[in-house]
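Shared between the two complexes below is chain A, which pairs with chain B and chain C, respectively.
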Partner chain A sequence: MIARVWALALNTFREAVRDRVLYLLLVVGLAAVGFSRFLGEISVGDELHVIVNTGLTAVSLLGVMISVFVGTGLIYKELDKRTVYTILSKPVRRGEFILGKYLGLVLTALVCMALLSAGFLVYYRVLAGEAPMPRTATPPSGGAVFWHQLHGGRITGALLAALCFSMVEVAVIIAVAVMFSSASTPILSAVLTSVVFAAGRLSHWIPDFMDYLGRIRTGGLASQFFLQVLYYLTPNLSMFDLRDPAVNAVGLPPDLSLRILYAAGYAAVMLLAATLIFRRRRF
Partner chain B sequence: MADWRTRQRLSTLGLLAALAAAVYSVTALNERFDARRQKAPPETVLYLPKGRSFQFMCLGYNGIAADLVWIRSVMYAGRQLRSPEPQSRERKYQWLEKLYQVTTDLDPHWSRPYRAGAILLAALPQDDLRAVNLLRRGMGRNPWDWEIPFQAAQLDLLRGRNREALGYLKLMSAAWERPCARLAAASAQPRPAPAASGLADAEARHWLELMQAYPKIVTSTISRLEQEGQDYASAVADAAAGLSRTDDQVIREVLGRTYREALARLVVEDLSRWAGLFRASKRRAPADLRELLATKFAKRDEGRPATAVPELLRLELAPRLGPELAASTAAHLPADPLGMEFYLRPDGTVSSRGLERLELIRLLATLNHYLGTYQQARGGPARSLDDLLGYLRWLADNNQLGAGARAFFKYPPRLPPHPSGSPEGWKAMPIKNGRLELPPGPSAEQMFAAPLKLPPGPGEPAQKKAGGGR
Partner chain C sequence: MNAPAIKAVGLRVVYRPGILQRSRVGLVGLDLEVAENEVFGYVGANGAGKTTTIKSLVGLLQPDGGEAWILGRPAAEASARAELGYAPENPCFYEYLTARETLDFYARLFGLDRLTRRKRAGELLERVGLAGAADRRVRQFSKGMVQRLGLAQALVNDPRVLILDEPMTGLDPVGRHDVRGLILDLKARGRTIFFSSHILSDVEALCDRAAILHEGRMVSCGRLAELLSGRVLAVELVLAGVGAELEKELAARARRSRREGAELYLWAADEAAADELVRRAVSGGAAVRTLSRTRESLEDHFLRVQGQAGAGGSGGERP
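Showing the complex of A and B:
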């Protein structure tokens, strides 16, 4: 089973990297990171803060866009081009097909995000916050200049953790996109995935909102129940946002492994739902 | 046939006339709108949503949104600073606080907007109340951040509010003891700033060492404050060092204001000391400041000849400001660095009319804020300051007086001393339309634009050192 899923994932990856949209998104992401230097210069002394925020945002948005633009057409394209018949005529189960597609796209997104992250980290470490060379009697050598330029931002564990958790977040969104893709058209899937992404990013406000409704004594049981259901249905994506520890050095939360477990559980639920839907489809 | 042609020509002419009329009206309207735009540019900050609403809109990408609003605030401050049109001081920077509020709501753990925002609020619109409120908000959200109380302490030290400064310094010591502060210091995330801000390596290293030594510095400052009182000489030296490190117009303006004020306070302190010596030696107070300035002092154990007060001042300032700036300050006496003058009070101490007016401007900003609150709560303007105090007393007795008001008015609420030192000072200031009006005289902007030699920036040619003003 693992060999079949892996073969499907690799094929999905090969097919996805041929998509020019990916390269366009990557170039836009790198341009945003490069541009952050100019923004930083007018921030009066907090250049690194601006560069880190821009880098983290660019990496996260790149993953989200790949999920929405590529992920939502994943299953539909196979059905539309009838290539699904060739695959399913082999001894491949529909669940394996879904899992293979999901893993292939996750691999694609991770490779793109890793490339952008590497570009961002090199930029941050080498170029950002470049200090003037100290004055010496003799002109400095090329090596000394390069070594001096490595005085940019310091790459901390929190920064790496923030980048990794952006990837975990994208893995969850791709699972949502695959679920919608197995049930509807790419446009509708893209819209629904974007809505779930937005709701997931804001879902941590729902308990506050429920508290507020309770305090002002409005909203009946039905609305409380609806909000409760919405809270558990949408992924709590704020769990994967580690920007604050990375940028403001406030310390990483202690429950990182539980957050990864939550992401795996939510993605598993989405993929199971996608498999159930896909098994019932007639084509 | 001819009829048809005539009709065609007429209709073409009609269309051309309509086209010309339309072009004319569009151009005229456009010019009119252009003229309006030039007169009053639309204030885009007006449409900035509140921080909490903004958090919803940016879908959790708060950090980048906070950065953009912060950059907007820097541009706003710079543009307002350079804007030539005569606006009232409060209205000129009216959106500054909102921009900082939104920035800090979006990224509550980012320390710089609290600190730099407070510096700009205190320096540009001279609004100490809002500056302190911003810092207090920062302290509430970041109890481990010792740099925010340090900024508050610096502001209070500069204004001569030693007791409040002492409180903040003690808070800073407590913050340093929190584990999070150690984590923030160790992680060095915000710490590479010296290298990033363009300081040379040796300077950056010195700065970092200084920061590591802050707990010791704070302890010694606390004990010095508890024993002696004020240290304006360090404030002048710090501002001079800052000015010599930057060419940025906004930063130079802010540091220049600090420099002028600290220098004025330092000179007041020195002149008051010599007035005391005058009284001790001649058993009478000097008739006026000119008599004091003309008097020569000599120490018995030094072989130096007796020296006049301006020369003594020059000798004291020279190690901190350099010979040229020290000589210029001494030569300007009795003019003060704020474009007004030093004078001798009836109690024998020396004061600065510029400092007194500046303090009055700040106090009026705060009092007018509370007079506005009174008007909102009571539905009508206060008739006198006693009315306001009565209202505040009622609030305090019912536990509704905010922390800011409690810090300003103390308990039971009373007016702060009038900057002139005269007990009749407040009584001479009537309330008109619910507001206290500033007596005629120069505005804060004019005082900070008075001719004075400032330490030159790194890019400024040496000849320009002698250039005056801003």
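Showing the complex of A and C:
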């Protein structure tokens, strides 16, 4: 089973990296990282915070874009181009096919996000904090200049964790995209995945909103029920947003491993749903 | 006793295109059995259910009723496809892969190791005549080359059972000749080959047994020698030295006649009528050049049974 899933994943990765859209997204991401310095300069006294925030957002958005643009057409394209015929007539289970496609795209997204993260970290460490050399009696040596330039932003564990959790979030969104892709057209899948992403980013506000509705005595049982269902169905993506600890050095939350488990569980449910839908399909 | 290479009992497929659209019957209780080391031809008009049968056998389509087995294992199980090769009618591949990479990918799905994969890909590309294009992207392939690659991928696991859907489609005469050779070679190596085709001469030349499908039902199945057993369609008679008077008389007695230069061609309905014509021709001073029986070809058989099935009103049911 592992060999088959790996073969499918590797092939999906190979297919995705030949897609020019990916490089365009990567260039846009790098441009956003470069632009962060300009944003930092116009914000008074908060330069590094703005750069970290913008960099983390760029990495996260790159992953989301890959999920939406590539992920939503992942299964549909196989059906449309009928490449699925020669694959599913081999000893490949439909669940293995879904898992292989999913892992291939996760691998693609992780590689792209890792590249952008590396670019961002180098930029942040080397250039972002560049400041005039302090005046000294003798001209500074080359080594001193280099050391000074390395006194940009400090790469903390929280910053690395924030980058890693962006990738965890993207793994969840790709699972959602694959689920929609197994059931509908790429355009509809892209719309639905984007809606789930937006709802997932906002879902942590739902309990507060329900409290508020209760306090002001508006909203009937139906709206309460709808909000409750929405809360449990959409992934709570705010769990993977560690920008606050990374930017403000407030310390990482203690339940990181639980959050990873939650991501794995949500992705597994999405992939199971995709498999059940795909198993009913006739080719 | 070995399980049959392919077996289907009561296969039933109904296509339901949409809520408001009428459902269409793909297969109506199809029974089928193909023994090991047989070459089996599957014949039918467009929409008769050939591809539907094949898709049910290779796991691409879950039938609404009945069951199918490949080498004794249920066709719906992935393990049944471990010793199965399948080439679809118009195969499609990842266009960014080369022919060699394509075969390597399919070989990986069977869990073959790197060395075996490399060796197998080289051998198969040679065998289907694509050795010269091994490292070219599939995007640059012609239709015939894609069809050849389709055959190669079906053989990547050296299958015991091979199912080919219209394998001659898109091939030039050389390609068709090569595929015929390949099928006979596989048969000689003990493999079972099940193939659908519109080209009845290929079926007649290659198959041990054949089945004819009409509107989702099997209307004829058996060994070719039995299906076409000695049924004489006409007796052809070629005469020389026939005068105008005699020609008129013979033409009136024959089913059909045609003059070609000095020779008169006559077709009699059966052997008794031919005897009668010969006696009259000889007594009238004509010479008999040839006398031969025209037996039923697979094409004649196909048209006859299809016509009978159509007349019998065996059209697909409308649930």
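What to note about this one:
Criterion: the second predicted complex is superposed on the first by the 272 of 283 C-alpha atoms of A that agree within 3 Å, B and C clash if a C-alpha of one lies under 4 Å from a C-alpha of the other, contacts with A are read in each partner's own complex, and residues count from 1 in each chain.
In the analysis below, a residue touches a chain if its C-beta (ideal position, glycine included) is under 8 Å from a C-beta of that chain, and two chains touch if they have at least 3 such contacts.
Bear in mind that the values here come from a model prediction, so they are computed numbers and not experimental data.
Taken together through their common chain A, the two structures put chain B and chain C side by side without a clash. Of the two partner chains, chain B is the only one that A:Glu47 touches; chain C does not reach it. In the superposition on chain A, contact is made by A:Arg154 with chain B only, not with chain C.
Annotation: apex chain A, arms to chain B and chain C, angle 160° (C-alpha centres, rounded to a multiple of 10).
Between chain B and chain C, it is B that contacts the larger number of residues in chain A. In the superposition on chain A, contact of A:Leu237 is made with chain B only, not with chain C.
By the touch criterion defined above, A:Thr57 lies against chain B but remains apart from chain C after alignment on the C-alpha atoms of chain A. When the two structures are aligned on the shared chain, A:Val247 is found in touch with chain B, with no touch to chain C. Contact with chain B, but none with chain C, is seen for A:Arg201 once the two complexes are overlaid on the shared chain. When the two structures are aligned on their common chain, the gap between the nearest CA atoms of chain B and chain C comes to 37 Å.
Common to the chain B-facing and chain C-facing surfaces of chain A is no residue whatsoever. Of all residues in chain A, only 39, 42-50, 52-54, 56-57, 60-61, 128-129, 131-132, 134-135, 148, 151-154, 156, 158-159, 197-198, 201-202, 205, 237-238, 241, 243-244, 246-251 touch chain B in the complex they form. Within the complex formed with chain A, the residues of chain B that make contact are 56, 59-64, 66-68, 70-71, 74-75, 107, 109-112, 116, 180, 183-184, 187-190, 192-193, 195-202, 204, 248, 250-251.
Interface residues of chain C, counted against chain A in their complex, comprise 55, 58-62, 78-82, 84, 86, 88, 90-94, 96-97, 105-106, 108-111, 150, 153, 157. Remark: chain A residues 3-4, 6-8, 11, 14-15, 18, 81-83, 85-93, 280, 282-283 touch chain C in the complex.
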